[in-house]
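By written order: A, B, C and D. Residues from 1 in each chain.
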Amino acid sequence: MIKALIFGATGYTGLELIRILASHPHVVVAGGSSRQWAGQMAGESLPFLRGHRDFVLCTSEELSRNPQADVAFLALPHGDSASLVRPLLETGLKVIDLSADCRLNDAELYAQWYGPHKDPEILGRAVYGLPEIHRERIRNADLVGNPGCYPTSVILGVAPLLGRADVDTGSLVVDSKSGISGAGRGAKLTTSFCESGESFMPYGVLGHRHVPEMEQELTLLHGQPVRVRFTPHLIPCSRGMVSTIYLRLTRKVAVQALRETYENRYREEPFVTVLPHGSFPSTAHVRGSNRCHISIEVDERTGWVIVMSALDNLVKGASGEAVQNMNLMMGLDETAGLDGLPMYP
Amino acid sequence: MIKALIFGATGYTGLELIRILASHPHVVVAGGSSRQWAGQMAGESLPFLRGHRDFVLCTSEELSRNPQADVAFLALPHGDSASLVRPLLETGLKVIDLSADCRLNDAELYAQWYGPHKDPEILGRAVYGLPEIHRERIRNADLVGNPGCYPTSVILGVAPLLGRADVDTGSLVVDSKSGISGAGRGAKLTTSFCESGESFMPYGVLGHRHVPEMEQELTLLHGQPVRVRFTPHLIPCSRGMVSTIYLRLTRKVAVQALRETYENRYREEPFVTVLPHGSFPSTAHVRGSNRCHISIEVDERTGWVIVMSALDNLVKGASGEAVQNMNLMMGLDETAGLDGLPMYP
Amino acid sequence: MIKALIFGATGYTGLELIRILASHPHVVVAGGSSRQWAGQMAGESLPFLRGHRDFVLCTSEELSRNPQADVAFLALPHGDSASLVRPLLETGLKVIDLSADCRLNDAELYAQWYGPHKDPEILGRAVYGLPEIHRERIRNADLVGNPGCYPTSVILGVAPLLGRADVDTGSLVVDSKSGISGAGRGAKLTTSFCESGESFMPYGVLGHRHVPEMEQELTLLHGQPVRVRFTPHLIPCSRGMVSTIYLRLTRKVAVQALRETYENRYREEPFVTVLPHGSFPSTAHVRGSNRCHISIEVDERTGWVIVMSALDNLVKGASGEAVQNMNLMMGLDETAGLDGLPMYP
Amino acid sequence: MIKALIFGATGYTGLELIRILASHPHVVVAGGSSRQWAGQMAGESLPFLRGHRDFVLCTSEELSRNPQADVAFLALPHGDSASLVRPLLETGLKVIDLSADCRLNDAELYAQWYGPHKDPEILGRAVYGLPEIHRERIRNADLVGNPGCYPTSVILGVAPLLGRADVDTGSLVVDSKSGISGAGRGAKLTTSFCESGESFMPYGVLGHRHVPEMEQELTLLHGQPVRVRFTPHLIPCSRGMVSTIYLRLTRKVAVQALRETYENRYREEPFVTVLPHGSFPSTAHVRGSNRCHISIEVDERTGWVIVMSALDNLVKGASGEAVQNMNLMMGLDETAGLDGLPMYP
């Protein structure tokens, strides 16, 4: 069995790694870190683990010291990850960083959105962990920067259009909506039940840190600069994300032609489903699964294309994608541990 | 006291009219209709009315026969309203139609989206009931077509920009989200708790019937055709609506200049609030109130303006706006019965 | 106009006082305190106030110094209230304390559940503010201890049975469920959306501090000791409370006889509704209102009576009841400001 | 691979069987029935199946005709199951009936609560499918009546106490709360999002059909009649159930003694967890899992014991328990397909 460590095991992406790996045929969680509950068995602070395989929680420092493991997942806040990466790599572990610290190629761009990077050299070593775009490079990587949830939903939604001459990438508008788990597990007034339930609002308008990551990857794919007008919103549900994407067409295009572009692009992809005409993606149909559902429609009245993508922000948008990356890095079947059905309802 | 009739009293807009009018200083509900519960006291089928002023429910036919009242609210499905309007007007009542039957000026446009109109002549007689746009005409009207919820949030959000030369109206993208009460009170699988809770999805993509209404009013205001790329989504909450609106700027504009345009436009409006920089509208802050909250931001990186508007779809998006219209038509203080605080949380 | 001060204006019971008093015909909020937002206008930290009557927030100390007002509501944590009561009374204000500091008659009992009381003398001066039980004493009081939410729902549900010989009060079981606003507005992991939504659990089992208050009042009413087996639970909704109450009958009793006991007891009560046979109380039908709905059934198979009561924990369970008490203390109509309909849905 | 048929595949218990069996190492779904969607591929009406193993939906009649399978799950309304049982048994299939048609031993008792039984002879042949009580009989059964969700949570909660002399079973009070999926998937006004969200209420008071089933099994275990005072309530969440159980003690008992009784009783049980002192069961910690969490406390003030049990009504309360039964009937590892972690959050 492959041994995995989870740094930040008691945040939401850490918990989701525990859940997914518990059903993985080739991996076992060998240890986890938690600032708040270090020193306890995981099952003590996480009653949902009772009766299942338990493990000790310790501090990040303890966990990184002489680790007896094969792979490390860093489910930590940005900044905290950066300084752990090189020590872990040097002990021979493969590292998947779920924070933003290994996603951007450019240290200056990082500094602009997050502040100075703590170890800029790792940026050159990391592969951006979106398997649908960088699969072969991920297979050979020992360090992967796991994408943000919004960028995963947006890049998967936009990528197939980037090669087409009839799409005006200069008009790209992205309106995204995320469940509240995306805000993390810390106690905050804004994400308390009474403040965020029965409520809906935009947040982080113009300043969301996932923007540079989207633009970096879309620009690489397109071969020329792509800018995103991006507005995130908070949905009163725990899990799930929808991105609604608008692009101007430069000439009349049949919706069927565009849909075929998507179907061709994603036919072999194990975790991307292109929905048929008239069927729209719902977070309910991907809850708990590593799948992304995508619909494409053309507004003939106005000559724009509308793409809608849905995924579970904690799975395909974080921990499931991280396990998918681990499978690739470890030479396992890419879908191992990830083929369960969504939970409906 | 002014006597009001509510046709369709037990649907969500009917219930909300009952709630609002119960606190209105000059109006009393003199009767209501309900297909399902005709013959009962309202309090029998609506336990929340117990202990408050009750009234008999009857059929629409009974209620419209020789009505002893001053004003009628039609909270009926489109199609059902049209045939009631003229008989009611002829008995001397003022009529506020909350369905779509009196909103469009053009019978052919109506037919395109809703099927043949049952009494196209009333279209010429009705005033579109958005007080912020048509206040004086409403004061003198005896028939008002109460706006749809989406159009109210969109028109209020876009109107101040239409006079400006630096805004490209050809790029107007509207991404809207509505609470589930907007789907009405009939039992449907798609709006059951288990199917729609913990869920988020687009619906009615490209075909939503509120589009022609938005375009009619925006075109009238702009003096030239305005087209809307419009995608509605369903939020897992009962009440509340947010429209996020994107428009390309044709030259560099300071956000402060645009915000002043809004502040000037709405300074005297009793129910429109322009939020300060960095504050974004939330449905939680308008729940149960007749108020619309609006934010304006400029994305300097891309040269687009983003407008966000929030309202309660059952109040400013339906029944509250209807009472506001009634106040104007009856010569009452426009805010009578509508000045209560939102319910928070 | 009567001038009211709200200490603790930005917690949930404080916010609800603001909402209710905004529609009160004879009272105006003259000032409020907030530890966190002192120095701001209330509308700055509470966007739902924008466009309505605003006021300055200050510290409790500032607000209690030379107060220009007639009545003070203390919506503070227990302990914080106690030391404010006498200074406020001495300046001539009437005081309604929503904390536990003025509810118990016995300082030792208080100490047992809450720790030492900071000013035990006020216990003898305060009247327990349940108008359905102590109406005349409240009219003459200058200090009222506003009941807890659970005790209100339980005492109203049990009181009519206490006079009957056929009820075994020694078997009283109370299973209560409360919306999450009952836990207050502070940010806590346990009341975050992701932890408490789509969830249900008991809490505070055997140790809930509302027990001595229930037993004190039930014992007074019954004339001999009454003990309560009490288990509170957390409902994944913001507002609302249901208590399900079980009592053994010592002989066969017809449900109709018991229901008549309730109807007779509450016939003149403006805020208590006894539901007819087969209709059960729902929090949805009292949301935002000061009303308590009660059902009574007899389980003939087992010879027990089951009483169910529902109320809004922030209104009849806190701030609405406080305003009802204020109305009585000020010689106003008991229902002033409290006759609005619930918000449904 | 064992081939399974699911009658009623598109109701909530049918959907949950599909989800669980999709991860089962030894079973494959060979066909399903659906009144509404017969003739379609399951993935067409159930988008969450897209990309996973699909199968044809047909009518119950078609599915039962010459079935090529080993086991049939009947996830149908009571009444519909009864007439399918014998034909399926005669073709050699093992049958697990999730309706009430095979749960009661006594046809007259069935008739009293459900109306006349359509095939009373099967009652004598069926084993009540609660493995913690009837494990050995289930192993040898070809027909199992899968327990109701409430009875599972109540019997597991009460069973360990029945052997004790210090518990007065004549005082048994059960207050239960269920998520809305328990009401089934049909569209109903009462389970629509707007009517049941942000709401809590008792329902089916005194008349719930799970009562005779609880009493049958508790009486069998106890060796003398046990009666239950039972009140179910509806929680505004999709999944999850809590039963709070009250019993009078006839003498002073230490909580630790009672807790040991539970620990001893359930030590070897793979799906029952006894929580430590001060930890209370939450539906959030068993969501999607086949596990039941139980807490025991003693109220020393009043001399009663309080037991709280939580489970997922669709898993341990229905489809998970059905798979557990199938595993036993087929000679498989009892936990096969059922060892996944709960989904948290």
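Here, contacts are C-beta pairs under 8 Å (C-beta built on N, C-alpha and C of every residue); 3 or more make two chains touch, one makes a residue touch a chain.
Here the structure is a predicted model, which is why all the values come from computation and not from measurement.
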item	value
Shared interface partners, meaning chains that touch chain A and chain C	B, D
Contact-richer chain pair [C-D vs B-D]	C-D
Centre distance in Å when chain A and chain D are each reduced to the mean of their C-alpha atoms	36
Rounded Å distance, chain C centre to chain D centre (Cα mean)	38
Gap in Å, rounded to a whole number, between the CA centres of chain D and chain B	45
For chain A, residues contacting two or more additional chains	12, 181, 194, 197-198, 236-239, 282, 284, 287, 345
Residues of chain C defined as touching chain B within the complex	12, 15, 18-19, 22-23, 46-52, 181, 197-198, 238-239, 270-271, 273, 275, 279, 282, 284-289, 291, 293, 339-345
Residues of chain D defined as touching chain C within the complex	171, 173, 175, 177, 179, 194-195, 197-203, 205-206, 227-229, 231, 233, 235-240, 242, 244, 246, 248, 280-284, 287, 295, 297, 299, 301-302, 304, 306, 308, 310, 345
Chain D residues touching chain B - in the complex, by the definition given at the top	12, 180-181, 185-189, 191-194, 196-198, 236-238
